[in-house]
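Think of it as A, B, C and D in the order they're written, each chain with its own count starting at 1.
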Amino acid sequence: MSKTLLRNDWVVMALFTAAVLSMPLWLAPIGAGYPDLLQKFAIFGLFAIGYNILFGLTGYLSFGHAVFLGVGSYTAVWSFKLLTMNVLPAVLFSVLMGGLFAVIIGYLSLRRSGIYFSILTLAFAQMSYNMAYSVLTPITNGETGLQLAKSDPRVIDALFIEAGEGLPSTDLFGMQMSGYPGFYFCAVLLIIGFFISLRIFRSPFGLKLLAIKSNQTRMLYTGFNTRPYLLTAFVISGMYAGLAGALMAVTDPLAGAERMQWTASGEVVLMTILGGVGTLIGPLLGVGVIKYFENIFSALNVDTLHQIFSFLPDWLENVVVWISSHFVGEGWHLTLGLLFMVIVIFLPGGLMEGFQRIGSALRNLFKRSEAVAAQPSEKE
Amino acid sequence: MGNIVLSIKNVDKTFGGLHALGDINLDIEEGKIHAIIGPNGAGKSTLLNVCIGRLAPDRGTVEFEGKNMIGMEPYEINHAGMVRVFQTPEIFPDLSILQNVMIPALAKRDGVFNFDAFKSMASNADIEEQSTRILEELGLKSQTHDHAGSMSRGDKRRLELSMGLVQHPRLLLLDEPTAGMSRHDTNRTIDLLKQIKERGMTKIIIEHDMHVVFSLADRISVLAQGRIIAQGTPDEIRGNPRVQEAYLGGAEL
Amino acid sequence: MDAIFIQILNGLDKGGAYALIALGLTLVFGTLGVVNFAHGALFMLGAFCAVTTQKLLTISKHVQDTSITFFDAYKDQPYLEIWWGDFGRTIIDWSVPLSILLTIPAMLLIGLSMERGLIRHFYKRSHAEQILMTFGLAIVLQEIIRSIFGANPIPTPAPDIIAGSAPIGALFGLDEALVYPWWRLIYLLFSIITVSGVFAFLQLTTFGMVVRAGMHDRETVGLLGINVERRFTVVFGLAAVVTGLAGAMYAPILSPDYHMGMDFLVLSFIVVVVGGMGSLRGAVAAGFLLGLLQSFASMNEVKTIIPGIDQIIIYLVAVVIILVRPRGLMGRKGVMED
Amino acid sequence: MSDKKVSELSRRGFIKVGAGALAAASMPMFFIKDAWVAKDFRNNPKGAASVKFGFNVPQTGAYADEGADELRAYKLAVKHINGDGDGGMMNTMKPLSLKGNGILGKKLEYVTGDTQTKSDAARGSAKRMIEKDGVLMVTGGSSSGVAIAVQGLCQEMGIIFMAGLTHSNDTTGKDKRRYGFRHFFNAYMSGAALGPVLKKEMGTNRKAYHLTADYTWGWTQEESIKNTTEALGWTTVETVRTPVGAGDFSQYITPVLNSGADVLILNHYGKDMINSLTQAIQFGLKDKMVDGIQFEIVVPLFSRLMAQGAGDAIKGILGTTNWNWSLQDEGSKAFVKSFGQEYGFPPSMAAHTCYVQALLYADACERAGSFYPPEVIKQLEDYDFDGMGNGPTLYRGADHQCFKDVLVVRGNANPSSQFDLLKVEQVVPSAQVTYDPKIFGGELGPYEV
């Protein structure tokens, strides 16, 4: 595909939309084509895309973005509990709450840069997590996580519908938000989120953020007040995280404190770097790899391995299964750790760099053969 | 005497025990090129840093078009119309050459903050054109999409200069604009600066290269050990024995 | 009064551990500029040096266990016990102090090979890449330990005669009920000695001078024609040994498990930042300060006024310090202070 | 708007539709009212030759060893249900409907997943099992937070959840669910069982000091034990909350020294319990005398893995467990024997409860003659059984909690083997620990979802 074509926003969006909506088809052969994992791809995709707007464009490494994810989830579940099971208000409130928290934390944290900024965000995240886990239990329901209950008021729903037997489920005007409809709801928001991110990346605003990343001091002397730019980027990414948190609650109405732990923030950092910081698609690739490992690799056990390698002769099968069993199931962390190291050692730009290298190698190959073919009439 | 653009009054600055600037008084006339010369460590760069808000003086004021600049943020000073071109190139190494020039052009247009996240880059055709023109003038047009970080040092200096020029400041502070350039490039830069002079932009130049100073400057101030020891036209300075003693070691100019 | 006195001891004891961990991290961070997320893993490896020593000393003969009749079960009798009887038992009992003999060379080796093999290729890379690599490394080290020792904490008791507690109440003329475990007092003493040792090494030797100069200005030191690279390797080795020793000696207080490094990782970064980036003295001071604050914040009297303060005090201090005094307690102005 | 019940579309049906974009456009078509045709249900095996269980256990994180032991037990249960091996508790379970040919003639298979001891991960893993692997039942877990989270999910999905190790009152109290079942005992029962033993061993005039893990399970246990001991006439000097994963507990232990308390109750589990107990003993609390009374430490919930982690510190400490391998009844002996022969060491209580849960579910299906969840649930509710290691047991229908004997144990001072860590002090009969389900509230919810 030619590069100029990809510079057109609408071509990119058309390709992206097609790829996302057809995920259930092309992910099925590798065992990832089921609603929950698809939902996770879309939700964490949004989280990572948003994070990339901060980290990829400004270079500010936040270790606290899981807070906004958690806040989004709590807000959404409270919206389900107090107002209505309809997901739209939940999504709206969560995005706003994510943004509000981002304004507060961002305003304070952005007074510093570099590693100090990272530690500040980390400290805020850990404080939020610890409080949500214990002291704030009346709001967060602590370790168990905030859940729906039959006795919840749901004032708006109560006006229109009689409560059924059992817990109600989240819906979009009657369409239930679990399973595939839930995935498509997330997918549509992912596409919108990606579109916004694409526009930001290709806007003067995005360019200014990149310039801040490249040389912040110079930006000041060039006539820009960098702090509002950084805060805007921080808040936008916080709102993405809030949205992702809301969607987690939409597809599964439960909000737990562990979503806010620093390791959860670390996960999105790793996803972004693994895929390729500052690239549009990279973070999504990172999400795909990490979530795939977490859900599929962790579920392989010796028996499934035997099935996979049953085509080998018995003795070889046993050897292969014995070796590979250390890297799957309970060993999936090990594989992930090794993958991080290998990627960063050999492909500093993340998976995207790998694809670019393959792409340019292919292009060179292609060009060479083309050049050979076109030799006689060469004149340009 | 013409209109005074910049007026530095009684500026003092000490670092620890070192008296970097002592009671500096300096007026810059509109439309002129004013050179500040002096031996290494004379306080030239400190003076520039005070002017653009990078350093706060212990005492004194810097008035730009009648407004005191002390305590203002660097970006406010920039928007007031006073722009500095750095000695060691302070460019955006990760951006393309064209983007490097577009950023200051955008600053000129958008002000200190403008949330234009949903405007496409293509809608800034005027900015792009303006930037390309400047690059063309400085002879950098051929490589506008290359990364600025990979440019040669001389090219970086020219880029730095175009980043200052694109903002059309009323006062441009140039910190050794030709240091490290070849003779050829230096001459080109001199021509360019002369050309721009005709547009009525005031400039302060700090320079080592006497060739540059004397071919450009309308007025010269000589700084030594944090004090202005002489001021005047190039001819006056050329003939000033104190200058020759303090700065030129008695050598003939 | 008694309560405050004993909380000061608790704080100092915690602070000793924090200081040792942060000292290693700030050496790596301040000198090499590497954000090392595998630092917690070094602490964990140190603790497992103690476990390994214990396991090595208790290599056992399998004896059929006749007390279990349902199936063939075996019980273990350590060879040391078989060969040397009570003396063998004593050696096993002293396995944690003895483990220092293993910890120093093992951690030095681990540190040197880590620096040579991986870290040195990342000096010039971005912090993000350093984080991804060292985080990956931390996970791999953790998983290796888990596959050998399992996930459950492993009890590594202190020697019997010092497993009990010292009657400090009686010693200092306070409430008789006040006691303090001998091992914790030893740990405090040990951390002070180790910190002093590292300082003496850096202050008194030419090697240390170069390293300190390198922390101030790496380029200049490089220009002096000194082989900075090799010294960096040694610095990393030194950091690994200090951190590892902190872990090994901590084993009786906190039964080692494979995940313990991650629990200390965030904390060690916070201690370094509070102390001041690249300041060794700052790291030590901040370690003790945070230890003390944490102890006092945990007192019931304090917790009833501000519920949950003990869970966030460390982070709160970090936030205040970074916002009010970004160079930390003792950091020099301008060092990594952008 | 009416209260319409909108059905889920099945995965297979969906894939057949083809292109995703097309499907998105035509989505509303799939939401046909009342698609449950006569007793069809999620993951109905229909004509398949085999059925699947989902074993959702912690494979990484602090409880990974416990999870590994659970998984061993599950594999053994699958073996026994399919008629392989020596049959284990299938030989002692009374009444027994399983025939050793799988369940209802279908071979039993299983899939595994990692809960990571995190609610989100556990639910994700359970969803994969349900949505992708098509499991009939999900079981396992090693903490109450996870159990409650997965139980809630299973209720929504219409899949039965047989909880693994979960000790919080909430699992079958405030957060009970129609589709969730717990064989394990709970904090209330621990308290009730400890009561008489504490009275016998320590008298009625004690002063207790609680250190409690600062989260839901810790609080329910603190409350239960406090109620029991105060009913005995004890006073509670102080209850102190400690952060989860504190590591060093010294700052919480030292105030105990001169608080005047003579009993320390550690409401901790896992790593927290290992550390707090070890450290409490380093502070000399075990040998301490307060006004001429011997100081005592009580750990209300014990497990063998915790005892292993705490090492010598466990000796002489009182607590309760759900089951211990040294029990001499036929069921326990049969289970320990087949587990020991398979793996070379005796099973933990986590392994036991998981094994029993798998067997109970399979047996209920066999009795129901169907995998239809509401029928299976009805078979399990108010079901009396015996021969599973805890004496006669009732699966109470009102809250899906098992009522059976509770073991009060003491850390063995002179273990005869490396597994002989806990000595059974007293077997408290189930009548003494039974309570009124109303005290914890909660609502089971509907049979049909």
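Here are a few things to note about the model shown:
Rule of thumb we're sticking to: contacts are C-beta pairs under 8 Å (C-beta built on N, C-alpha and C of every residue); 3 or more make two chains touch, one makes a residue touch a chain.
Since we're looking at a predicted model, the values are computed, not measured.
Drop chain A from the picture and the touching chains left over make up B | C, D. Among the other chains, the CA centroid farthest from that of chain B is the one of D.
Of all chains displayed, A has the C-alpha centre closest to the centre of the whole protein C-alpha set.
One inter-chain figure worth recording: chain B and chain C are separated by 53 Å, centre to centre, where each centre is the mean of the chain's CA atoms.
Remark: chain A and chain D have CA centroids separated by 33 Å (rounded to whole angstrom). Centre-to-centre separation between chain C and chain D, using Cα means, comes to 36 Å.
A straight line joining the Cα centres of chain B and chain D is 74 Å long. Listed for chain C are residues 308, 311, each touching two or more other chains. Residue positions 130, 134-135, 333 of chain A each touch two or more of the other chains.
Counting only residues that touch two or more partner chains, chain D has 60, 64, 68, 214, 241, 243.
Under the touch rule stated earlier, the contacting chain pairs are A-B, A-C, A-D, C-D. Against chain A, in their complex, chain C makes its touches with residues 35, 118, 121, 125, 127-129, 131-133, 135-140, 142-144, 147, 262, 266, 269-270, 273, 277, 307-308, 311-312, 315-316, 318-319, 322-323, 326, 336-338. For chain D in complex with chain C, the touching residues are 60-66, 68, 214, 238, 240-241, 243, 245, 247-248, 250-252, 254-255, 257-258, 271, 274-275, 278-279, 282-284, 287-288, 290, 305, 308-313, 333, 336-337, 340-341, 344-346, 416-420. By the touch criterion given at the top, residues 17-18, 21-25, 28, 31, 33-37, 40, 130, 133-135, 137, 141-145, 147, 150, 160-162, 164-167, 169, 171, 174-176, 178-181, 184, 187, 248, 252, 254, 256, 258-259, 294-296, 298-299, 301, 304, 329-330, 332-333 of chain A touch chain D in their complex.
Of all residues in chain A, those touching chain B in their complex are 9, 196, 199-200, 202-208, 210-211, 213-215, 217-225, 228-229, 232, 236.
Residues of chain C that touch chain D in their complex: 2-3, 6-7, 9-11, 13-14, 17, 65, 67-68, 70-73, 75-76, 146, 150-155, 157-158, 163-165, 175, 177-181, 183-184, 252-255, 257, 259-260, 263, 294-295, 298-300, 303, 308, 310-311.
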